[in-house]
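Consider the two complexes below, in which subunit A is the common component and subunit B and subunit C are the respective partners.
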Partner chain A sequence: MDSKFFKLLLLGGAVRFYFCRTPLAPMIGNRVEFATPLNSHKRMQEGIFLLQSGIDPYQGDLVHESPLILSALSGLFQKYPNFLPIFYIILDICTAALLYAMSLRFVKQKQDQQDVERKQYAKDTEELQFGPLDKLDIPELVIVAYLFNPLTVMSCIGMTSTVISNLFLAFFFYCLVKGMLIPCLLVLAFETVRSFYPIVLIAPLLLVFSRNSVRRGVAIAVLFIVGCLIVAVANYFVLNSWNFLDGTLGFIFYFRDLQPNIGLFWYFFTEMFEHFRTMFLITFQLNATVLYLVPLSIKLRKEPPTASNVMVHGFVVFTFFLVTLSMMGALWHLWIYAGSANANFYFGATLAFSTGQIFLITDLLFAHVKREFCLFNGQKILIDGEEARIVLK
Partner chain B sequence: MGLLSDPSISTQSKLVDGLARHVRKVCYALYVAGVAWFFCLALPEFNHGTYLSENALSPGLVYPEIRIDANRLAIQLLEELQRERKDHLSTTPHAWIAAKMNEFGLETHTHNYTLRYPFGGGKEYHGKNIYGILRAPRIASTEGIVFAAPYRAASSVHTDISASVPLLLAFADFARRKNYWAKDLIFLVTEQEQLGMQAWLEAYHDGDRDLDLSKAYLRPGNLPARAGSLQAALNIEVQDLEIDHVDVRIEGLNGKLPNLDMFNLVQRIMAREGIASGYKQAPRKKRRHSQSHFEQNLRQMLTMLASQSSGVPTGNHGLFHRYRIDALTIAANRRATHATLKGSPGSAAVPLLKAIEGIARSLNNLLERFHQSFFFYVIVNNDRYISIGDYMPALVALVACAFLKAYLTWSTLPATNAELEKAADWLREHEQEAELEENLEPDKFELPYGSVLIYLTATLLIGFLCNVLPLQQYFLEIPMGAAPLTTSVLSFLSLIGFVLPFVVVLPPGGLELLHVAFLLIYGCALIVIGLLNFALGFFAAVLTVPLVIALETKEENSRSTLRNTIRLATLVMNPMMVVYVIVLAMTFYQFPELSVQKIMLRAATAAMDASAYGLIDSVIYGNWLYFVICTIFLPLWIICWTLSLSKRRDYADYLDFDESPSTSPQPQSKVKTN
Partner chain C sequence: MYPVAFVLLLLVAFNAGANLGRDDERFHEELVVRPLSGDHVNTYFQFTTRWHYGEKDNLYHTQLTPRVIAELLQQFAVKELHIGLTQGLWRYETWGYPIVEATSGAEMWAWFSGANLTNRDVDSQWKALANVFSGVLCASLNFVDNTNSIAPRHLIRPQFMPANGQRFVRYATLPREIVCTENLTPWKKLLPCGSASGFASLLNSGHVHNTKYHSLGLKVRVLCEDHDEDNCIVELTQTANLVYDLRLFELSNNDFSLRRLFGMGLNGYCELAESSKIYVQRNELGERYQLVPEPVHEVKTTRGGHSVVYSVYDMHEQFKEAGERLFNVAWLAPKSANRRRNLAKPSLPPVTVHRYLLGHGQERGRIVTEVTNSHYDALPIMLQEVIPWYVHAYLHTLSIRRKPQRVNEYGRQRLPFKLLHYTPGKQRELPSHLEIGFMLPGQTSALISIDVDYLLLKWLEYPPDANHGHYIGSAIVSSQLPMGRNYSALPPEGHLFEHSFNATRPSYVLSLHTEALIVSLPTPDFSMPYNVICLACTVVALAFGPIHSVATKMIIVGRQTSAPKNFVKKIFNQIFRRGKAAEEAAAEGEGLPAAGAAASDATGVASARPAISPGGPSGDQPLLEDLDEEEEEQD
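So, the complex of A and B:
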């Protein structure tokens, strides 16, 4: 925790605070790229209002926030609406601080591991090993990447509940790295009941804590299910009804709101014949949750939450994001306001954006695998006098 | 999945190295390919014949019922109007128009609006539109079609189009007697050219909204009656009842076009009535037959893109597009001679009336808004078009140059720094192994992201000020015309941009990073502009991409003559210079008889007026051109200028640049004058 860290935090906060006060903030809050039915600030407000008026917010199809969050924030929303942006900024900064702490800890662990394994490494791999400077650099990179990422800044100033999710997830990773099982489980259970997809994080959790013993793994899984049930019951007592389950998890699973967003589902489901809907629903949801989980868990079982910084094609991915995001604005205008373009144009941009994300993830994974390989086998491998290539098959 | 992730073990790939060495050649090849593709589009093999996509329109399905009595009515109304015009030299005979509409049984209303002209101390103008609604007998007023005719006062400098109002009224009288209308028909007479139409449309759609009166320049007021959501609009500009040909105008605000179905519909019906009509239709005599098909097509495409690129609508129809209403103007031109008259003069306007009736009945059939056919197209010929999928590759090829160059610049960029860093690390580890005090050392080789970001922000700020400053209250209170005010603010700000690279010198590595950032922003800007207004994006790309490819920040392997040429080209590419050159060319084309000095002077004042009009258009009509030039092109130019100077902190470079001040004062004075 040095002064640079605090300076960065302050700067990040200042950037968010500045943008909160410009007319950009309400505009971002309404942009589909940032505010989806799940996280939009407007819907949160609506939910809190309904909750305060004693109406079940989940009877309509508008509110998809979990009851605990609604009731926890209702005091703040009702009494100090002017301080809400600051509240969100503080949450975001907490997330950044947690990430910082997590990455400090993580790098330390990796260094310890490296010290153990050093003898097996090939000779010319010093630059791939963690140096003493990385201890400061990597956490700094992590925090800069979080604080000054335009997307997180926009989410924060648009006051989307993504900020809250990020905080919980950061806390989850922090606990995971620290090896604290119970808080980890609780946070994950809470997030799972809230927005379902974090359930995939059960895999790293199991891998970290079970330590290759099946019995422990089963015990943790049972604990997790119990945790989910506890959270669900706690949610139940807010309203004394189970409606919220359909309003949050059911909404996510059945994908009822086809409002376009930065993802791809909306387009598939608008184009689909209604009687195939169930089949595609299951296929897509499986695709989103299970399909990538299993192979990735197998491959990366040794170090589940990995943050590799040996990026090769970051530039291409960055350009992809830049172009697609700027195109999305233009195409949205043409589709919704000018009425000349149509959904296909916008979908093209979101498709390209997703492609960029896939590139980003494969790139990260590949960089990770490559680094591992090179550490043990050396940087320059010559096969028949030519430079060897790693081919993913 | 080794598609993107570099499969070789070392991070530096041979392909990239090879490409980086020939980046200019590759980029120029792409550029040539893009432009060549565009030219190819004029060939009949590359474009398609038009067809009607919306079945509901079914043009010509009904037999036209409008008869010679409507024509007689139009003639009689025109005579009455001519008498009225003698009493109303500079105003609109509102009372007469309203009385006629009432007489024909329309629900007649007037609409008042006010323009608060911001410049020169501020003035207020008042205007009045008249419209009559014919309520559809078959449906509650949920949908409507607009038939509009602009009225020009007798004192107007523009061509007399006073025959439009009688024609509109004659058609209204005919339509009133029919019971098949499924949409409300609105007959609208606007005044003061596009201003009246803009005010009416704003009042129609946002009339009940409370405006911030201190900020709104056009106060549209509210309308007493409406007719549901407007589906389509037809603007009629007729010079005389005896017409020679009809020019169909489609270009709208910011280069938007009506649905191609609408254009096809008008073309079909005009053809059925035997009226020579088309896009940019010229009088029969002037049509050249000496040109080849290819040349004609290319000329047509280029004129269409040219008129689209300014974003200024070619008629009142263009303002409808902002509200998702498909609209176009049929501009009927007067017959020059009476010798070729067919039929009696008493039935001269019958074909046109029949055509309007046909269009109205087709529009009446619409079940939804126009959505079937294309909204993005270029008309090659009256019956051939190019769709967006065919013309976009031309722009994409041009923009790809920027991204390709950005990637290659980037991939050669960090390698050197990494090498430097590696060397430093190696040294450090060997010399002072245990010490950890070199916190400052590695920073030296890091790319200066921060300063580049600040530089970018500064240039963007200059662009932002161009938008905001001329409208500030303290500037507006200066008793100065709009043109000199805007021009002086703009030239002052671009002068700051001109001086900026001399004052601020980026740290090592900064220029290269700025170059990459510039290429990315430039590419993104062109893509977005091209999506919103293809013509503007394409022309800007064709004009600037060669320069952008030629730009180089490295000093080795470049000769000084080439450098100076690039610098000069960059100076000429200043947005204000470009505007001046365009205006100069237009002045030269219009007044070839004047001396060069006079033309240059006249062009200078015209360019000043143009910038002021651009600003006024942007605040009143929402034209983007001024915004785009100021907020995107000017900052990009400043960065481009910085890169072409490529001033470095190294001492050796300062000696190299001794010649630059000798070339700069001359263009500097040019910037000031225009």
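So, the complex of A and C:
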């Protein structure tokens, strides 16, 4: 740990603190791009208020936060509402610190692995290999990318519960890299019961801990299911009712709220013919979970968490994000407030944004595969004296 | 506090019917004419049928009571039913309180009571009941279901008897409903004489629907002796409450008459009616009119310290002598009064309500209800809100702010809740239901506000004119007045208008309706379903394609194609490619046989990872392949 790390953390905190005190904060908390039905601060407040008034929050469909979180935070929300921004900033900084520790450890592991494999590498690939400096540079890059990413800053000052999810996920990866199975399982089970999609992270978990033994894998899967059940039962005891399952998992799976957000589903299901809805719902949910989970975990089985923490933006993708995000604000205003545009405009922006995200992910994946290839085959491959092109086939 | 008083009062209600012998059935018709301020005239028709049917089996043989009402009691566990079909808005500030309350559009509530009744039974009975009356009254009541109905907890109180057992209540409004001739005609058919004779003959649709406010009401209740289910009375009350604007008659003076209001005079009374009376208010704004013909009877009633004088025309007396003629009453204003006819200021009712929607845009807003107490003393106020499912309400933003009546701005002063009942809404399933109670100090206004979000609905859930907006039904505000000023409602134990005469009580239950609201929800583009589905699927495919190929394909090295960057040249190149490619294929086939072999080896292994032999790549040739060539080979 060097002083630069602490300076970065402090700076990240200061940036957040500064924005919290500007009128930007309440505006961000209300923006559809950051506050979705699942993570909005207002809904969290409502859930806690209903819980405190003795009304089951999951009877209605405004609250989708898990009962444990609601009851854990209710004291804070009710008694010290003024300190909430600080609380969220601290959570976010913890996340950054965990990410730093995790990537430090991860880079070290990679370097160890590299030392073992070095003999097989091609000659001109030194720049692709981890150098001694990377040990500090990469973790720094990671926390800079986290702390000063406008999206995470906005999420934090808008006090969305994404901050809490990020903390849990960072903790999950930290435990994963450290090789601590039980905390890992518990955090993942908690997050899965809370918001369903983290279930895809079971794949890296299995890959890391099963160590190619099927029996161990099955045991871990069973443990995970038991963990989920324990978390669900713990949630049950908060309200003595199972309503929360439908309010959280059911809500996410059936996509009941068509509130516009940064994704694509909202308009898709708004314009969907009712009799096709079920089919597309299942197709898209499969698409989001199983469809990519299985092939990618086979492909990337050697380094499970890689895909999720390499944060390198290509210039094109970065520009894409910048332009679409600012367009979204403008088009939203035109649609909702000025009435001079319609939903298609905003949908167009979200479509472009999603395309940008997809480019980012596929670029990262391809870059990873290519790096692997080049490490072993050399960077410059010449055919007839010309530089060759690397393609997937 | 309310219900106990009610049960006691209702005991009196049964006794009031004690003069009704077994199997006795009586019909009464009444008409009340009350001049209101601002050149308005309120005419209120009430047709009451009471039938002491005794036990349930007798309900199969109806006489005056319509068959559908009798069947209702056989089919459902319903004990009390209210339906109101209204067009227009009652102006409390200038007109005082109406005799029966109603909200714009359709409103319906019912009490159910019976042995072994469950909530689910009540839900299905409620829907069936709404469907029955949808047919009976030709109204869209069939749209009443669980998505817009609530079970009020405190505000709506039972008026049936015995109400001390297990009971359920359901309430719904359809603010969008438009009330017209097609509702009036079937409503008149429920009367024993139809529209042929009696007061109902005055209700001609052409004139009724010219009014500023018209409200048709239907109320059914059952009164059984406490321990005896076989000793029951069914009471059907049909009301028509109209407000005429005299200025619309384009008269040179302020005179009006029954003929002027309804298009014709009265042709007699309903032969089946026990009593048939017209009450004309003579004091306050009615004071300046001279009546022709002169009324024979006059009644002075004092209720809660407030006196009203009514002149009474008994139709049985008027039509004693046989002969075809029409009866007409004319109100003649003194000539000198013409110039200052608008100057008469009404006394402000003790409680008035208004409702507004704050905020702009189609994203979020705030529903605000303002209750003003102009009485000198504090009054208990209860408010019931039904917020439809397409609007999300945030309970934690609910607040009551207060201000002195004369001050314009609301400050930071808050009022505490005495009572709060809330059931959160669920999209497409349940409306949000809010009831709050608080004490409103004298000469004070309270502003009750709650934040709401507007939802984007599925494209087929929008009504035909989507940008017209969606309605939020009116809120009901209830209070207990210590005095009877402006108050003319029937006491709960009475069934005729004349029962409100001299009906002094410790307190008077008042219920008011606020205005309904229209919210404009965000709308999708209705012409785009195919485009949206195609575009979204394209993006999903965009993700699927590369991820699929990363996951399943292997890396190979291809030759930098010499394809030109220029688009036109590219096309040009494409056209002449086939021949070239064939030549190249021939050349490559000779030149690099090893590459081809390596490639086929790798595909044979079908490994997801690039082929890396354990011995290291140093000895091996990198996988070389020309893409185009590979295609050719496969062909």
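The rule is simple: the second predicted complex is superposed on the first by the 386 of 393 C-alpha atoms of A that agree within 3 Å, B and C clash if a C-alpha of one lies under 4 Å from a C-alpha of the other, contacts with A are read in each partner's own complex, and residues count from 1 in each chain.
In the analysis below, a residue touches a chain if its C-beta (ideal position, glycine included) is under 8 Å from a C-beta of that chain, and two chains touch if they have at least 3 such contacts.
In this text the structure is predicted, and so the values were computed from the model without any measurement.
Colleague: Does subunit A have more residues touched by subunit B or by subunit C?
Modeller: After superposition, C is the partner touching more of subunit A.
Colleague: Is A:S354 in contact with subunit B, with subunit C, with both, or with neither (first, second, both, neither)?
Modeller: second
Colleague: Is A:P260 contacted by the first partner subunit B, the second partner subunit C, both or neither?
Modeller: Second partner only, subunit C.
Colleague: Pick one for A:T362: touches subunit B only (first), subunit C only (second), both, or neither.
Modeller: In the superposition, A:T362 contacts both subunit B and subunit C.
Colleague: In the superposed arrangement, which partner chain does A:E372 touch: subunit B (first), subunit C (second), both, or neither?
Modeller: The second partner, subunit C, only.
Colleague: For A:I230, select first, second, both or neither according to whether it touches subunit B, subunit C, the two together, or no partner.
Modeller: Touch partners of A:I230: none, neither subunit B nor subunit C.
Colleague: Does the superposition put A:F273 against subunit B (first), subunit C (second), both, or neither?
Modeller: It touches subunit C, and subunit B stays clear.
Colleague: With the two structures laid over each other on chain A, which partner does A:E46 touch: subunit B (first), subunit C (second), both, or neither?
Modeller: Only subunit C is touched by A:E46; subunit B is not.
Colleague: Is A:A145 in contact with subunit B, with subunit C, with both, or with neither (first, second, both, neither)?
Modeller: Touch partners of A:A145: none, neither subunit B nor subunit C.
Colleague: Considering only the touch criterion stated at the top, classify A:N30 as touching first (subunit B), second (subunit C), both, or neither.
Modeller: In the superposed model, A:N30 contacts subunit C only, not subunit B.
Colleague: Go through subunit A and flag every residue that touches subunit B in one model and subunit C in the other.
Modeller: The answer is residues 337, 342, 362, 366, 370, 381, 387-392 of subunit A.
Colleague: In the complex of these two chains, what residues of subunit C are touching subunit A?
Modeller: Touch residues, subunit C against subunit A: 360-364, 392, 394-396, 420, 422-428, 430, 432, 453, 455-460, 522-525, 528-529, 532-533, 535-536, 539-540, 542-544, 546-561, 608-610, 612, 616-618, 622, 624-625, 627, 630.
Colleague: Where on subunit A does subunit B make contact in their complex?
Modeller: Interface residues on the subunit A side: 126-127, 131-133, 312-313, 315-316, 319, 322-323, 326-327, 329-331, 333-334, 337-342, 359, 362-363, 366-367, 370, 374, 379-381, 387-392.
Colleague: Using the touch definition from the top, list the residues of subunit B that touch subunit A in their complex.
Modeller: Result: residues 1-2, 4-11, 256-257, 321-322, 324, 369, 371, 375-376, 403, 406-407, 410-411, 422, 425, 429, 436, 442, 520, 523-524, 527-528, 531-532 of subunit B touch subunit A.
Colleague: In their complex, what parts of subunit A are in touch with subunit C?
Modeller: Checking each residue of subunit A against subunit C gives 30, 32, 42, 45-46, 48-50, 53, 55, 57, 59-62, 119-120, 122, 256-260, 264-274, 284, 287, 291-292, 295-296, 298-299, 335-337, 342-344, 347, 351, 354-355, 358, 361-362, 365-366, 369-370, 372-373, 376-378, 381, 383-384, 386-393.
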